[in-house]
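A, B, C and D are the chain letters, set down in written order, and residue numbers restart from 1 in every chain.
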Amino acid sequence: MKQEKATVVEHHNFQGDYRILRLAAPAVGPLVKPGQFLELRVPRLDDRILRRPFSIYKADAEGASILYKTVGRGTEAMVSLQVGDEVDIIGPLGNGFPELTKGKVPVLVAGGYGNAALYLKAKESPVKGIAFFGGRTAQDILCIEEFQVLGWDVRPATDDGSLGTKGLVTASFDPWMAEQENVQSLELFVCGPNPMLKAMGDRAIEHGFTAWLSMDKNMACGVGACLTCVIKRKTTDGWEWARCCKDGPVFESREILWEE
Amino acid sequence: MKQEKATVVEHHNFQGDYRILRLAAPAVGPLVKPGQFLELRVPRLDDRILRRPFSIYKADAEGASILYKTVGRGTEAMVSLQVGDEVDIIGPLGNGFPELTKGKVPVLVAGGYGNAALYLKAKESPVKGIAFFGGRTAQDILCIEEFQVLGWDVRPATDDGSLGTKGLVTASFDPWMAEQENVQSLELFVCGPNPMLKAMGDRAIEHGFTAWLSMDKNMACGVGACLTCVIKRKTTDGWEWARCCKDGPVFESREILWEE
Amino acid sequence: MSVALEIKIGSMEMKNPVTVASGTFGYGPEYADLVDLNRLGAITVKGIGPEEHVGNATPRTFETRGGMLNAIGLPGPGAKGFIEKYVPFLAPYDVPVIVNIWGKGMEDYGKVVEMLDAEDTVSAYEINLSCPNVKEGGSAFGTDTDSFSRVIELVRGKTQKPIIPKLAPNVSDIGAFAKAAEDGGADAISIMNSYPAMAINIETLEPELANRTGGLSGPAIKPIAIKLVWDVAKATKLPIIGMGGIYEPEDAIEFMVAGASAVAVGTANFTDPSTAIRVIDGIESYLVEKGHSSVANIVGTVKA
Amino acid sequence: MSVALEIKIGSMEMKNPVTVASGTFGYGPEYADLVDLNRLGAITVKGIGPEEHVGNATPRTFETRGGMLNAIGLPGPGAKGFIEKYVPFLAPYDVPVIVNIWGKGMEDYGKVVEMLDAEDTVSAYEINLSCPNVKEGGSAFGTDTDSFSRVIELVRGKTQKPIIPKLAPNVSDIGAFAKAAEDGGADAISIMNSYPAMAINIETLEPELANRTGGLSGPAIKPIAIKLVWDVAKATKLPIIGMGGIYEPEDAIEFMVAGASAVAVGTANFTDPSTAIRVIDGIESYLVEKGHSSVANIVGTVKA
């Protein structure tokens, strides 16, 4: 984990409301493992004091990039970032995804910016499997070609049917899962909105496969100090708080005690 | 007085720390009289809530320009304004300078951005006289040529002697004043830092000429509502508060009860 | 669909729930060029005492992060001066005028009401019991329930018009003051005044305000104000005029959901004089969007 | 020129006057990758009670203009857990550790001190009498001078180490609490905790925090904190640890000029973990520039 004054080297529209920001960050870049994130201080956002967390989409020795969606004050202010601007980042944060268990069949499940969080995982995975991507419309399904180029079989699903199966990601995942002879050999890596995480977690528990869920909780510090981003993690005699930023963001489905 | 979303049509370095900002402001522009000011909301300065007051340097039917010096958070943030940006202004504010009294000899005295406040006065004055400009260095003496083109005899003074007389503006003004046969026929229009205003006001009272002083007081509302910008104005039986923004910023030297 | 924006504070009818906060809008004329005064729910004028008062020395305000300090010190023309100088201006407008009143001693509150009460233009009194910037009175009454109650009762005895005590925020139990206001016969409660605060210049080592301390207002204090409104709403059935950092319609709606029947736009007038009008329009849009027929429907609807 | 940055809080020696605010820096390890802990004047850890505690449900924080709300609710490992999990980490560092303590009832404050007092790593206790986010204790003790005094006396009876009551900001007369702390044998005073506040989501009508209300911290509250420090400095000779919105060295210096002997960097750690170090360096530069030989020279120098 490092704090670094990174420099914008690329910034452009990706698709729909999504943009790609590439940062020269020689301190942070080389440390990144798949599924980690960074905390970015949005420049000129002086009346908002918190950093914004973003999954690391790509990383190498020179730096890292993120794929972000404009949803509020912070991300909207990020749109004005220009090549050459300085951006203060802290990263890489969190533990990221574990390595694929030997002999298991990797399955990626993602929604929205979750795709970005899985790209590095897809890349380093020794075995390429199937990727189920969900989104509202075709505009929300990101980087399909990139995953295909890496050798993944990508199965999109959109709420409005504008790309792939019509419906939630489960609409394409469930029929596929039903066809699997050895469901328990699946190992899922999931990143997306909470209902998607929950749906995949439920299936993992019901059908006895492993599902690594990257949890999306609002954060303040990003380093484990403030106890903002906690979720309930099961213990032998009940539950304890686990911090998504420090102890996560990735948890195995059986660890999580879902609330409400 | 109007509130208007003006558009930046020109923005460039003028000299030293001074910059010129020209705004398309068809509502405000045509109303301007010499010595008035506007209150500008600095865009993207979200953690600072007050507008910044600036004298109107030039104005016409299409808009107005200001000449500003970067001195703090607000003016530094203004540097990033680009042609096409929208800027919310309120103006013209204050009463500005009165017209030259018939038969009097007009004398302009200014320091720093005070020159900007006097340009329109210099332009509309039916008689052109002498302009005493003071500043720390040559960099702080603004728009000499412009005043000369209008027909004014400009006499600069700089603290470091880099332009004109060495010393304060009084170093050039006083000897000149001593030579005048009819001091009482002088009518001064002064805009500059407080010590300059006070010095000229004292001379006006001592020698019996008229001096219109444009007072520089911190402001909040700019329209007379908050009572931030008050100075003491003499009354028959003592003094009362007068608001620089609404009742001023220009006061005749005899009206002012100087504090401390 | 049309929505009813009207509300009543005691006998005072407001065409919408938005007024301006005392001291941030002068006496009316100051913003008349920029704001259509007739569109406001009410105009609340700068604090008026029984006599003319000079207020504090300058500097009187100072900008802070997300807010500002003020220590104006309640300068003003006094009740008589107000009637002479400003009532003729205000009278023709179709908008209720709330006069914010203050006093150095308890009797002053009675005096100023006596002097103003015959004026039809005066629709209601906001009793400033919370000015952080005058030594003599104001905040002393606002932080002690006994003298607080006595001021309310005194004023109540002098007028039939609505009286609206303005509570001090710097107390541990604001509910007690709300209750005291209700018991004393107040018609509504106004919350909050600016919060006692200070800034020091580290070059000169002098306070940034001549008065040394001042009151913090603006967006910075909004979350404090929301909490106080919610606390007061739990303690009393009286209508509440909520204020503190309202800049956007959403802020005003948040106050109303917390329990305020009306709101006041203060410091935001300095930033953007069109705020009050934008807030009125924004409340209306919100009500339409949510399918409410009346603004009263959203008051105190917080699920808490 | 070299300047002395050292200060003492009771028997606790700090190499500079800058600590971190409880709850914003975890227990030490969390920021150890980013901040050279040995450079800090002290580490103040998150509130510790006698037992393990789960704290509040989520959401626990919410960002506001110029600040944030928190209602973490003092989750933590309890005194025993702290000793097991964090003391071994903290012990090797050359930096005093201030343990922020809290309790649901009065006796809890005594208990937690009894459990911690044998640990050499624990240098001092900051007594949290002002947590806005737990129903049981904390702020109830902080807004009533009687129970406040009793907690101080109880803790004083249990330890020779410095005790530093952390005052609640939401009182009308903070000086009375400062005086009570002094009379009770406290070694210093810490001011301020986050200010009781609230935010409501106008779409869901739910409070933004699960706990409904929380505490406001960050730049927004700095002017309130400066005023409270100044008030406390007038009421007592005890050293003050000032905090509330410190983001820049200038902010810290402002606190010291107002009367604080030391300062704590809180919310700013989230914005920029290098803040505390920048503040230490910036204080030193300021002292050099102004020709002071010791940081003590600027404490309480405000001309007011």
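We adopt the following convention: a contact is a pair of C-beta atoms (placed from the backbone, for glycine too) under 8 Å apart; a residue touches a chain by one contact, two chains touch by 3 or more.
Just so we're clear, the structure is a prediction, and the values are computed from it rather than from any experiment.
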{"item": "Other chains in touch with both chain A and chain C", "value": "B, D"}
{"item": "Far-end chain from chain B, centres as C-alpha averages", "value": "A"}
{"item": "Intercentroid distance (Cα basis), chain D paired with chain B, Å", "value": "48"}
{"item": "Mean-CA-position distance for chain B and chain A (Å)", "value": "57"}
{"item": "Centroid distance [mean C-alpha coordinates] between chain D and chain C, Å", "value": "34"}
{"item": "Length of the line joining the C-alpha centres of chain A and chain D, rounded to whole Å", "value": "36"}
{"item": "Residues of chain A touching at least two other chains", "value": "46-48"}
{"item": "Chain D, residues touching no fewer than two other chains", "value": "65-67, 219"}
{"item": "Footprint of chain A on chain B - complex, ascending", "value": "44-48"}
{"item": "Of all residues in chain A, those that touch chain D in their complex", "value": "1-3, 41, 47-51, 88, 90, 217-218, 220-231, 241, 246, 259"}
{"item": "Complex contact set, residues of chain D against chain A", "value": "23-26, 30-31, 33-34, 46, 54-55, 57-61, 63, 65-68, 70, 72, 75, 218-219, 267-274"}
{"item": "Interface residues, chain D side, partner chain C - complex", "value": "64-67, 69, 143-144, 168, 170-173, 195-200, 202, 204-207, 212-213, 216, 219-224, 226-227, 230, 245, 250, 253-254, 257-258, 286, 301-304"}
